[in-house]
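Handing you a structure now.
Per-chain numbering from 1; labels A, B and C assigned in written order.
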């Protein structure tokens, strides 16, 4: 496919923000066609379960004989995972384990950047994260609900240390994620706590009308459109998705009364309400003192949350249209899982219409350091992100106008999609 | 590249479709090197160029075009009928074959011939700054000359400049631009009631003398120097926010004190010491790799910030679109060979031999630098230090390399230094430089107003790079003081064209810093905290600890598009904060103070005070009527005041700068 | 509103619209009654009406003309009669009606969209009767009835859908027995839920968690016991380690020395042997030379002496090494015990956490068994 020519971001932003695009026929963009016409295909939704810190593969999805965790059979003959994840073991026919992740970077921040964008970090400019790409390519524009939501992404650290945050970079700020910090509390600032909002809005509307008559510019249009979107979200029945209260108690219990479990439930609700990409965080997987002890404690709730999510999506008939991804920024050392290990690690995908019930790639089985190398089908970070984008329905050859007017590809053009996953 | 060509070819179309926003100097006529040659290269030079000249015709240069081929001269300046080339192209006889020139390209050629075949090179030579170049002038005189330049260009383009702003518009704009926050209510009232005919000039003087001027310019330059993705410790991700803020404050004190820009830049580039004593050390850490300075990164930053030229392409190969060869980049980088250190300390010592930087100790001699393997071409070549523009530099013995660079950089005759700053200042005040992008001065990207650019550069240099002087000159011009209103007689195309030629001031979005300081004033709370969670509630350990800094979180949330201040980029998270954050809903401490005054203020007076505190003007009678209706419907006066304040800070007029 | 380019919307008009939108937004949008169905002539008009109702018409894929019509976010404004807008559209293969107020009456219109391959009716107000209308959808491959009031009787109406491959019946009133019956009648039809399989899975999970629980319980028991028994011994164990460290180090040093000696001796023995062999060869070459014969004899003896010495030292080294290894192991063991004692309380707390987690896992698994029964 030929690379798509896109309008300079600046201009596109101003237009869409000003709501000018509807009613304007633009010759060379089908996606900017008038509202009442056939829209582009709806991509798949994605729920990304981000295990921050680097989850140990040998203590989760790639156990080794004689390793610290025993392995058990799953519902797919021939595939084994650790015994601490029994519910997930029964979901195997809907999952695919990618055991041959080989991603070069062992530093937290740079690895998070690499796995989120498919590009290596440079201090010259920023690349958009995959959630922002989804928002821009398959999100529903002008929809009441945001296209990209993060759950419990955390804040910057007290000492000035910075957690990686998904940024839209040159895609434009409207593709920045909306952050829910606590699934029990819902979306920050969504509720108006005063009781005279209508009167205030009416007063504001009159003032805005006067101002817009004297200053009919794109900045004013954009501001008023964004304001309108915020109000619509506040008043939209779909925004109830942010509130877990009306889920039945037994379902909440099945997901697990734990922030991770409830975040998974919230993610399902958001996807049902039309959000295209939800990234659920759990931090604390950086087990430098050895993974066994700590993953033993984590496994019950991770098992409950993720397996219930997959089963819940399946029962509702949503699983084929929703890709669930479990991953971190790298794996951990073979053996005790004490150090960062990017040479051979695992991620897990489920649903999304991919070929499930399989393992892709293999790590070494024998020898003193079993699992320390990939022996079959290595998957690089660019390959990984390109595959993710392809499964979700994006055109990976799409180009954007980057900094300095340089065309930036959606993914690294040398990346190879993992075809084994495509149906 | 394709995208750039497309946009050039569509320049005339973009005038019509002005809703797309101002295009590149579109009210200019087509210029040979920039607009015509690319078309010829694509469509004509295959048969009439280097490889072959059909009919003896060579279209690569103007002389050869004029000379023509077997049929005689191909073009005649200003005379379309006598220009055979044009007639054949217009009739689609040329080029031969199926592919003909599209209408847009024909328009460019036509316009160019009709305009007399102007060239970029001519443009640059025929500049008359209208004032003598070697002395400092009175600000009012410079301001008037600025206007002469602009008004001449406007009348050439057949555009009428917008009228001057009224006092309220001007007041809020200049106070925000020069001190980084809205005026206080009393400041606003006293200016609006002032009848002194010189009140605007006096206000400008007053603002320039305040320490907030330094603060605002300090943090503006801080944002230009410190990129959003600050290099961090790759493992922990700790970022030097505090150091960047200290640097901004350091710059601020110097701006406030009226230090010469040359002195300030010297202090940055020649820094030697630890960051805790010299905050400007961060400059080198930021432009290098992983916090360590690199010669290449330093050269690139110095070029972009202080010379106004982009060198990044020339790092690896000759820049095809700009005038810089790969050698010119590395020649500049050679001056930084001895600059070593990291985030905490910079010193000038023996050249480092880290693998990202070049030169092992025994290779190229001092005063030279070896192009590293990471460059596309010419890796391994040694390049002699030279100033931009070619003059070679030979170091004496083991002397420091940075001071001679700064000497050259800040010399009055340096053609880059003064104009780079002047262009950035213009960009800051008008959201658009005379050269765009703001650090991209080159042959094929001339200033929209070459004479004006020269005037500003001359004035700045002659005044010993006195920042306040230059600001004073520009702010006193009519151009800066024009209204941003769209008057009823303006169409969309004229609005865009007028703004691009500085006949109208655009509406701009308040930056995060300005917004935060202004909200603090509006709510009378210097510790305003708009974070969602109370830090005392959250876990203060490890990775889920909330940001310790309300200011930092606000910057993260309300950051704006640095490249284009007219671009409103806020979305749902920002607006939900403004609409629903409990702290902004119900009244302010300063309002409470105001209401305690004796005698107690009336409702009208309070409403007026609220308007003055936020919008820096008094409400109109229509507005008063609306508000009184709103107030009377409610039984709780205090709540109504809170509601009015909420409405004011959520209004477009508040968030935007007229 | 002066000279407008024909394709551009005047900015001042946008502004007015925006202000109006703001005003209207502040009122209750959802209180509006949806506009009633009005027949349309063309597909374009149908799409416009669908859009106005909050629906969306999409292409299924980039290079495919088939259409998807999506009403799932249209809220409460969709009425049964509006489904007639589907009629003028060509090639509608996917219809999403999840969460809409559609009833059996609406299914009459849906039944006319014979190109449908996939139909979503989750949480609509349809009943068994409505499913009768779907028997005309001969191409239907996927039907989602999650959260509807369908009962066993309704399944009868699906018998004619020979191409049906996927069927979703969770949260309906359909009985497990009916599902099992349908599954055996239609082995190629994938039905969710799958009660027998779900039971199997739940059992498997429970069996596994029971094992995990047993293991966690015994591990916890040990850990708790050690947390009580070991800490008092911390000092003693530490002293043991200290005591063991010194001789281990000594023995290692000695073993190293012995090795060196043994290596030297081996080398000497080797040299001596070579010399003896040389001398022997020389002597053999000159059998009449008595001097050489004597030399060979001497060298031979020297070589034997050296070998004996080397053997002695080798044996000495072996023993020294064995001793060193033993003492090292003792020291290691002492160290581990000491560490374990130091960490005993911490390890006990961890073991308890693991146990609590696994207890919950087992309890949840057990609960799920009773649910699916």
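We take it that a contact is a pair of C-beta atoms (placed from the backbone, for glycine too) under 8 Å apart; a residue touches a chain by one contact, two chains touch by 3 or more.
These numbers come from a predicted model, not from an experiment.
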Checklist entry - By CA centroid distance, what chain is farthest from chain B? => result C
Next on the checklist: Closest chain to the overall C-alpha centroid, by per-chain C-alpha centroid: which is it?
Outcome noted: A
Next on the checklist: How many angstrom lie between the centres of chain A and chain C, each centre taken as the mean Cα position?
Outcome noted: 16
Checklist entry - Between chain A and chain B, what is the separation of their C-alpha centroids in Å? => result 35
Item to check | Rounded Å distance, chain B centre to chain C centre (Cα mean) | outcome: 49
Item to check | Touching two or more other chains - residues of chain C | outcome: 8, 10-12
Next on the checklist: If I count partner chains per residue in chain A, which residues reach a count of at least 2?
Outcome noted: 20, 202, 204, 206, 208, 212, 216-218, 220, 224, 227, 231
Item to check | Touching two or more other chains - residue numbers and ranges from chain B | outcome: 19, 486, 495
Checklist entry - Which residues, counting only chain A, touch chain B once they are in their complex? => result 5, 8, 10-11, 13-15, 17, 20, 52-53, 107-110, 121, 123-126, 146, 152, 154-164, 172-174, 176, 178-179, 181, 187-194, 196, 199-200, 202-204, 206-208, 210-212, 214-220, 222-224, 226-227, 229-231, 233-234, 283-284, 401, 404-405, 407
Item to check | Footprint of chain A on chain B - complex, ascending | outcome: 1-4, 6-7, 19-21, 227-242, 286, 289, 310, 312, 437, 484-486, 495, 506-509, 532-533, 540, 542-548, 552-553, 556, 561, 563-564, 566-577, 579-582, 585-586, 622-623, 626-627, 630, 633-634, 639, 643-644, 646-647, 650-653, 655-656, 658
Next on the checklist: Can you tell me which positions in chain C touch chain A when the two form their complex?
Outcome noted: 7-12, 14-23, 25-30, 44, 47-48, 51, 56-62, 67-68, 70, 72-73, 75-76, 120, 122, 142, 144, 146, 166, 168, 170-171, 192-193, 201, 204-205, 208-209, 211-212, 350, 353-354, 357-358, 360-361, 364-365, 368, 371
Item to check | Interface residues, chain A side, partner chain C - complex | outcome: 18-20, 23-25, 35-42, 72, 75, 83-84, 86-87, 89-90, 140, 143-144, 197-198, 201-202, 204-206, 208-209, 212-213, 216-218, 220-221, 224-225, 227-228, 231-232, 235, 237-238, 250, 253-254, 273-274, 293, 296-297, 299-301, 303-304, 314-317, 395
